[in-house]
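For reference, chains read A, B, C and D in written order, and residue numbers begin at 1 within each chain.
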Amino acid sequence: MVEKSIIRADEAAAMVRDGAVVHVGGFLGCGSPDMLLAALLASGKSNFTLVCNDTAIYDPKSGRTTGVAPLILGRRFRKVIVSHIGTNPETQRQMHAGELEVELVPQGTLAERIRAAGFGLGGILTPTGVGTEVEQGKQVLEVEGRRFLLELPLPGDVALIKARKADRAGNLVYSKTARNFNPLMATACSLVIAEVEEIVPIGALDPDQIHTPSIFVDYLVLSDGRPEGGSHA
Amino acid sequence: MVEKSIIRADEAAAMVRDGAVVHVGGFLGCGSPDMLLAALLASGKSNFTLVCNDTAIYDPKSGRTTGVAPLILGRRFRKVIVSHIGTNPETQRQMHAGELEVELVPQGTLAERIRAAGFGLGGILTPTGVGTEVEQGKQVLEVEGRRFLLELPLPGDVALIKARKADRAGNLVYSKTARNFNPLMATACSLVIAEVEEIVPIGALDPDQIHTPSIFVDYLVLSDGRPEGGSHA
Amino acid sequence: MPEYVENKEIIARHIARFFRTGHVVNLGIGLPTLVGNYVPPDVTVILQSENGLLGLGPAPAPGEEDKDLTNAGAQPVTLLPGGCFFDSATSFGIIRGGHVDFTVLGVLEVDQEGNLANYKIPGKMVPGMGGAMDLVAGSRHVIAATTHFEKSGASKLKRRCTLPLTAMHEVDYVVTDLGFFEVKEGRFVLNEYFDAYDPAWIIEHTDADIVVAPDCHRWEP
Amino acid sequence: MPEYVENKEIIARHIARFFRTGHVVNLGIGLPTLVGNYVPPDVTVILQSENGLLGLGPAPAPGEEDKDLTNAGAQPVTLLPGGCFFDSATSFGIIRGGHVDFTVLGVLEVDQEGNLANYKIPGKMVPGMGGAMDLVAGSRHVIAATTHFEKSGASKLKRRCTLPLTAMHEVDYVVTDLGFFEVKEGRFVLNEYFDAYDPAWIIEHTDADIVVAPDCHRWEP
């Protein structure tokens, strides 16, 4: 099996061009690639379109942030395509001030749109959003007397994802609810960079138990920033 | 967690009504629930519609069969919805003789149609089959200049599936390429009966490594026919 | 005539009665989460959390939190034995595919057509729908759990929602701190009333069409 | 003038040259499977099998067969270290999503428009398309691997397929035992010819429009 390159977070960030469509894993910060996000912020690049479940958590009182929130505060996005912005008041402020475009997508629809992009579907029909503002501008199809929205694929230029473990081939295993959108995004983007807590030799993972097959992953970054392989244990 | 009933194969077969739409896991017999299929044949019931990857293997010279082939030989199906019948000459014979209706579905489309039924989608758009006979009678949609077929969900009354292991709650783990259509079918049918080689206590399976969550499974049958629980090891 | 005092506990207690052993239930953030506290010990429901788990357990002991194990509100949680994890597509497959028996969620408004609004007050507060649109469209039974009145005193039960809808015609039951309503043929049908709020009082204070069920009665926890 | 002798080996040998380390390749049943034998030792391709694996290895030693580990032709196989298993939806997601670099498959007919027929001879032989329609529609590059002639002597390369199509306009390359063709602008472009079959002979014996590439040359394994 072919080994994947293990790179540093700043090298990963250097591969993301200004204005890219960036998919970021995580659910309110749980399972987000925090080191890659910090490197992306430090890179100074911006004008990105974000595809993510949410804009994570920002508490103005304590200053506490999770996931992509520092990039929101740093105004790195031109547009965000997310299901939820309720835990980041700065996203709402920028939206109302006209500084940030926000496309709200129902969470299950977001998941299927990302999957459709990765799995070569031209779209999916969902009952979710029928009769709501989400219907606006979309084709409505009737199948066996029921109305569905046609939702289109949502591909990306870069996926920044987070996994618990990788082997040197790039097979990934996620941990608990830190899985969420990560495996979907790995299928849907031209360049896939996975931040992982541990890298094990090829053959060390049970082939029945791999969540993301190696062929979806381009580069590995170790969470603690070490540029070279070996276990993080 | 709620425990699932462990029943005998003949009790399982008794739950399948004449004329039911039956999803059967397996790929040319690999990963098919052979004991359930034998019990269904023995039950004498028929007029089923089969949803399966294929009609398995029948070698007229040796008489060897795999998977659903004995039910084809026993003429239990009114119709089969499959991707492949090339390894069962009896299916082809019955089709040409007008004794059996055969709907050929591309394998990837079959997988997505079953998943759509299980996952509440009204359909999916696929490029597969555009410009072929598969297009006939289907809606063709153009998305961003590319043509796609609208393929509709394929739900079933009963899924007869095969897994390597279950816990008492009904969580399932499959083995190698015996996985194939089994986890998809578990989502798409009103009644789901899983034949398994081993049943372990609740808590014995890693919750990150479960292929089919317990809520999809109604009954468990042990492959060696024992009506009561315990390991098959 | 009673004076209205907000009572979230009675709402949670009443909703817990819907569940039977084996039911798969999704409890929304806030008031719906309280419902979990009142499920009788002999009833085993399976709680789904849309961020990717089945078999949600109680909060971990302090110091036992796992950064990789949260609920849809980002709070640390635990997993019960027999539970499992999955990705977001599977999670919403479970939801959209009708494999969740009950979803309980809060509302800004709910109307007698079964419409529900809970994700957006245009120009003011726009949290987003998160998983709510899928949960309401996909679950077998949708229970709106809400205090009967806004702080302004207006009833949250409406003839017609005025806010952007989360879903159309999907709400089956509404449980408030006044009573238990079924949504049926374009009306709220009052089946049970709580505390001192009798049907006449409820009808008088609700800006929607309420029909009193023939067997309507007072319910006490 | 040469006399035609079927030569599957040269087809397999030529196709193996397309691959580079890291390529994901699906080899169809029959002739395409032979291609795996000729991949140079310094090139590591990742073989996909549509029944649910990546990292297909060689056949197991006798007695080492695993009933749960087969290829798409139901033959016992092995998995290489670093390989993995998945369900059929994921398998075809990989295929349809363009994550397979090359699919190599046999044909009944292939035409100069890039159309391919290989799943059905109406009224006679109807094996079904299996995964072929998805593989041809979804893979980045489609290589038709076929002996140049039918047993009847007719060329399998056609102006227009007469049998039901497996896919329309999807074939990129055709490798026969006469030569290597690219499908381009409605023609077969002959890039390389094999053995004693020179371009004139090939054009004379093929019922399709063939253009000879400027740098067309004889290829020897």
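FYI, contacts are C-beta pairs under 8 Å (C-beta built on N, C-alpha and C of every residue); 3 or more make two chains touch, one makes a residue touch a chain.
Please read all numbers here as calculations on a predicted model, not as lab measurements.
Of the two interfaces, A-D and B-D, the higher number of touching C-beta pairs belongs to B-D. Averaging Cα coordinates per chain places chain B and chain C 36 Å apart. Each chain gets one centre point, the mean of its Cα atoms, and the points for chain B and chain D are 29 Å apart. Each chain gets a centre from the mean of its Cα atoms; for chain C and chain D, those two points are 56 Å apart.
Counting partner chains per residue, chain D has residues 53, 79, 85-86, 89, 92-93, 95-96, 138 touching two or more of them. Residue numbers of chain A whose C-beta contacts span two or more other chains: 112, 115, 120-121, 126-127, 174-176, 179, 207-208. Shown here, the protein chains touch in an arrangement that is not a line, ring, star or fully connected set. In this structure, the chains touch in the following pairs: A-B, A-C, A-D, B-C, B-D. Looking at the complex, you find that chain C touches chain B at residues 21-22, 24, 44, 46, 53-55, 79-86, 89-90, 92-99, 138. If you check the complex, the residues on chain B that touch chain A are 112, 116, 120-127, 139, 141, 143-144, 146, 148, 150, 152, 173-176, 179, 206-209.
Chain B makes touch with chain C in their complex at residues 1-2, 115, 117-121, 167-169, 171, 187, 202-203, 205, 207-208, 210, 213-216.
On the side of chain B, the complex with chain D involves touching residues 27-31, 53-54, 57, 66, 82-87, 92, 95-96, 102, 104, 106-112, 114-115, 126-134, 164, 174-184, 211. Residues of chain D touching chain B in their complex: 49-53, 66-74, 79, 85-89, 91-93, 95-96, 115, 119-120, 123, 125-134, 137-138, 164-169.
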